[in-house]
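Scrolling down, you'll hit the structures one after another.
Shared between the two complexes below is chain A, which has chain B as its partner in the first and chain C in the second.
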Partner chain A sequence: MSWTRKILRVNLTKGSCTSEALNMDWAKEYLGQRGLASKYLTEEVDPKCDPLSAENKMIMATGPLTGTMASTAGRYSVITKGPLTGAIACSNSGGYFGAELKFAGWDMIIFEGKSDKPVYLNIQDDKAELCDGSHIWGKSAWETDDILHATYQDPQMRIACIGRTAEAGCLYAGVINDKHRAAGRSGVGTVMASKNLKAVTVRGTQGIGNIDNADSFFESTDAGKAVLAENAVTGQGLPAFGTQVLMNVINGVGGLPAHNMRDVGFAGAENISAEAMAEPRKSDGKPNLTTNAACFGCTIACGRISTIDKTHFSVKDKPQYHGASGGLEYEAAWALGADTGIDDLDALTYVNFLCNEDGFDPITFGSTVAAAMEMFEDGAITTEDTGGIELKFGSVEAFVAVTELLVTGEGFGKDLGLGSKRLCEKYGRPELSMTVKGQEFPAYDPRGIQGIGLNYATSNRGACHLRGYTIASEILGIPVKTEQTDTDGKPELVKAFQDATAVVDSAGLCIFTTFAWGMDNIAPQIDAACEGDWSVDNCLEVGERIWNMERLFNQAAGFTANDDKLHKRLLEEAIKSGPTEGQVNRLGEMLPKYYEIRGWSPEGEPTAETRQRLSL
Partner chain B sequence: MKIAIEFYASLMKYLPPGGKRFRRDLKVDDGLQLQPLIDQYNISAEEAHIVLVNGHFVALENRADRVLVENDVVSIWPPVAGG
Partner chain C sequence: MQKSLNIDPGKCTGCLQCEMACSYEHTGTFNPSRSYIKVFTFHYEGRFAPYTCTQCDEAWCQRACPVDAISVDMMTGAKVISDDKCVGCKVCTIACPFGTVNYSQATGKVVKCDLCGGDPQCAAACPTDAITYVDADWTGYDKMMASASKSLPSAEVTA
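Then we have the complex of A and B:
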């Protein structure tokens, strides 16, 4: 086994911390992290509950490989019912927190109830206690991290916490760990704030000593690392250029949404690309990109560490932002940049710093601002609403100003914290929210790239590229190139990516390994570490089971096939220019086939036969 | 005829002098095909992983026959990914 077989249950209402045995029958069916924690959530939480009530639970979970020597095995996830969507939420993060939780001897922490005052959870190996958090409530995630590290005087202590944005009620606040890694999407940090839980500190000294077959594990993880090192993407491209290398690719193929998805293609894309991040700037001759960085145990090291031009207006009088910190990833650069029409690399890096400092999702935030900008230009929002800010597409100063308002929920920042769905409803323009199930689209336009549209429409946590990254095949030719504007074969492609991703997310590995690894590289590592049958076929069945379990939770929460849809703009407003001119997403050609191969009814519900086959 | 070539990411090192960022305008013979153009820079098939002409992907097996025309923009990436 490589599960610790121990769960920490924290009842915030009672103030108690208790240890209980992991349900090993469930572990064999759902693996760990995303899958296994979702199983606990579906068993213990009413799908119809208010996500921000004491009835909801929040689980921080590792996978069986988390903390081991497998490459990228530092992941952990936060699983809950999400306040942005009302659907099941699972946000995955790297850094070092997940491995440390494992070293302390815990597979997962289940938080239930609600504390009547701010608290944080302190874990030192087997010992866990809730501590008064009133002195850190109201502090940013960065300040909280500094204060708690100073308190315990242990630089190896790892901290996951929320910032001020979550406290202010922003519906897409995340949980920040190690200062700039984030369980970012769907508002999992907002749930944490609703429980008056500010932070989790963890120090573990027990290591990982329970690999099922150590010889086989050494062999399979070594082989996996060799594959990553020799692969051009994971061995060279990602460490050198990071995810931001996609900015020019996706713009080049006619797949980059811009201006609240009103347009496809952004003239300023090259100014905010990976190539631009490496160029020396005029003021000090240094590039935006300082270095790359790796999470625990990662042999890819795609992370970006950046600096902002000290003379830039956004940080001119703010020396606290003059150091190097977590830089722009592709999704953030797109949402904060192309979608708002802004190509100022320093401004975007500053806003990205704020996303980390106070814990909010840059994809949803950027998209929400973009929707607000479209409403401002249409007159639905005025300077009276924004407090005098001229919130037009491309306005850098306005963007920085509203970001600073969002952090503390002041003025128009409170409105922006609603996310685009509620914001657009509030201002009478619901059709301008670019969302699926209430969550904003990522950085690939489904008009120009058909399969990703089907993945967005069916993603269990709302629009999300990471649930089934068909871009790998449709644009990047990994593992094989498929035609981006074709719909043939896309239902099968989407299902395959969705099921495989559920396995990776549940093992404790990073999804970026799959640019080089297939399931035949991954399954042997799981099989060597864990007792039981972890053949390729069984792993894929586990992935399919997890997908269907999430679907059933959402179904019980009230979601139907009517929620598997794309925005009218993407189905009816053809791309106006560029290589994908004239395209719309043809979801109707793909969705029935997708339901069929999933073993779902035409109404999108897993049939009795499918549930029986997957033991659901 | 005039065309433009773009080399991205690690291929930027192949950009001829006089280019800007990752793009260089070129004068080439009429009727030049795509693969011979790529060959001029000694870029292997593995390195020229994503090749676009005016934003449209051209698969490896079609590059030899693809005739370039005036104002075409050829964009080349090595294997890359993100997300």
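Then we have the complex of A and C:
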């Protein structure tokens, strides 16, 4: 089985916590985590609701493999209607929280309604209660974690919480667990704040003992671990360099956007790369990177644990930032760095620490600052708006200053908390927001890499690389190399990656395993752990079902084919120099074919036949 | 040949595969809260440290036990708790200088590492060799070799 078969339903309006049985019919169709929680969301929430109203619900969900010995099986997701996009949001996180929730005996927690005062949820195995959270409201995620650990005197307790940024109404606040892992994108933390829910503390001592077929489970998970260990990316590249291994690679192939995606290629890329993180610095002879670290159950261990140079201006008089914490990953280093034109590794690490400390999405934040910088450059934003800050591309001091404002939503920080779409509309330059469905692009330029552009345009949570990471194929040649500037075959590639990713997420595994694992490695692990048919074919059908279900939710929320588009800059302004010079994204060559192979109408709507085939 | 668990905290990534393997071996569940080996995280220092019983030759726990519930596994040298004899008095947990014998609310007995009868599952599960099971006479071998390599005049060392 592997599901605990129990859901905790928390009604914040009434202050009640109740246990109910997991709908096993749905579990067989949607697996777990992202898929299954999205099913509950679509059944229980009006797609047209205001994401920050009591009508919206927020679900914390584990997968059937979460908390088992399968490699990387510690993940959980936060599923809700997102305030940044108005689309379905699902943000995935590692660390230890998800597994602990499972050990306490819960597949998921459904939060509904809204508390009239700040509260937190305390779970000790079967027992769950809402507690007064007024003393932690207004505290950072780090402080909240420390206070709650001190309250319960239990170092093994795991905590997921929001920081001050969410409380201040920033539309892209995340949920932080274990101090530096994040359900980071789409503003899931903002929804949590809107419910007056500050934190979830969990301690589980029940464990998971109901593996369906233990012998074949160990056989398939041991085989999977061996594949990860022997693969160059998951066995060597990721543990040594983390996702930051990509900085120089992507810059080298003409795929690294810079300066609010005005340019491709960033001269300072090397200074903020994995290689730079390993270089001893002058002040104390230590490198930025302290060690690599794993999330629960992960045998890859790509996580970065870093320190900031204590003599750097950003932290000189702030000893609370002198210790080690979660360091720069590639997406953050790109958005905070290349996109803003900043190549100061310590400044970026400091801003990244603030993202962890108070819970906000570095991708959307960096891109929003980049849009503000472009508007500042052409005069749409002035020092009158910024409170005197000269917000120029490449200005480290200005960047640090606006980040500190964002945390508490003071002054111009309030504007930056809107995200780039609303910010650019407010200042009269909507065309400068680099977003799809209101969410900012990650670190791969869709002009230089065609397939990822189609994935961004069609991603159900707005622009996102983690919905269909075609970079694996288009740049790294995994599982097969496709030409990055070709559009042929890309609709098929995008669909295959999107469907497979939905399965990986829904199982409770990490998507980084797919650098080495195919569905033929993954399905047997699910099949051994769970009752029912989890063959490769069935898994992929479940993935496709999940994708279409998310699409239908968005459709009901008001999204149309008109929202599956890329920014004009990416379709018309050719790359000016470098290996991909002259390229634009040719979305028009790919999108109709994509709709066709998805079984959608030319208007991008799943046809009756497709819905029937997928039991939707 | 007697073997010992050898722990190199510098190699630990904090994945807790050892805790899952240990708990599965002893309780049939993936359940870190019932693991006999614990990985401690020192967040501010960016360090992880797996920790468990070292199987002292003259074991404090064994000496302290008033009901002779702790015996030596003659094959492995492990100090093993007999659940039939243990009365859950917890005196051994006080006697152990390292804190590696602990009371379990789930069973009403004390629990500690028993080396899994000679095939410690924590070592088998560790993906980074932070936990290995080696000749008891040579637990310092890797460190000794690393240290010896530094004494060489040239840097050309292959292990």
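We adopt the following convention: the second predicted complex is superposed on the first by the 616 of 616 C-alpha atoms of A that agree within 3 Å, B and C clash if a C-alpha of one lies under 4 Å from a C-alpha of the other, contacts with A are read in each partner's own complex, and residues count from 1 in each chain.
Throughout what follows, a residue touches a chain if its C-beta (ideal position, glycine included) is under 8 Å from a C-beta of that chain, and two chains touch if they have at least 3 such contacts.
Because the structure is a prediction, the values reported are computed rather than measured.
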Requested in this report: Could you tell me if A:208 is touching chain B, chain C, both of them or neither one (first, second, both, neither)?
Outcome: second
Report task. Could you say whether A:477 touches chain B, chain C, both of them, or neither, answering first, second, both or neither? Result -> first
Query raised in the report: Touching A:274, do we find chain B (first), chain C (second), both, or neither?
Result: first
Query raised in the report: So, A:175: does it touch chain B (first), chain C (second), both, or neither?
Result: neither
Report task. In the overlay, answer first, second, both or neither for which of chain B and chain C A:298 touches. Result -> second
Requested in this report: Check whether A:261 is in contact with chain B, with chain C, with both or with neither, and answer first, second, both or neither.
Outcome: neither
Report summary line: Seen from chain A, its contact residues with chain B in the complex are 231-233, 236-238, 240-246, 248-249, 252-254, 270, 274-276, 279, 302, 329-331, 465-466, 469, 471-472, 475-478, 481, 484, 511-512, 515, 578-580
Query raised in the report: For chain C, which residues are in contact with chain A within the complex?
Result: 13-17, 20-21, 23-24, 27-34, 43-48, 106, 125, 127-128
Query - Sites on chain A touched by chain C in the complex - result: 67-69, 71, 96, 99, 103, 156, 179, 203-209, 225, 229, 239, 290-299, 301, 303, 305-307, 323-325
Report task. Quick one: which bits of chain B touch chain A in the complex? Just the residue numbers, please. Result -> 8-10, 12, 21-22, 46, 49-50, 52, 54-57, 59, 75, 77-83
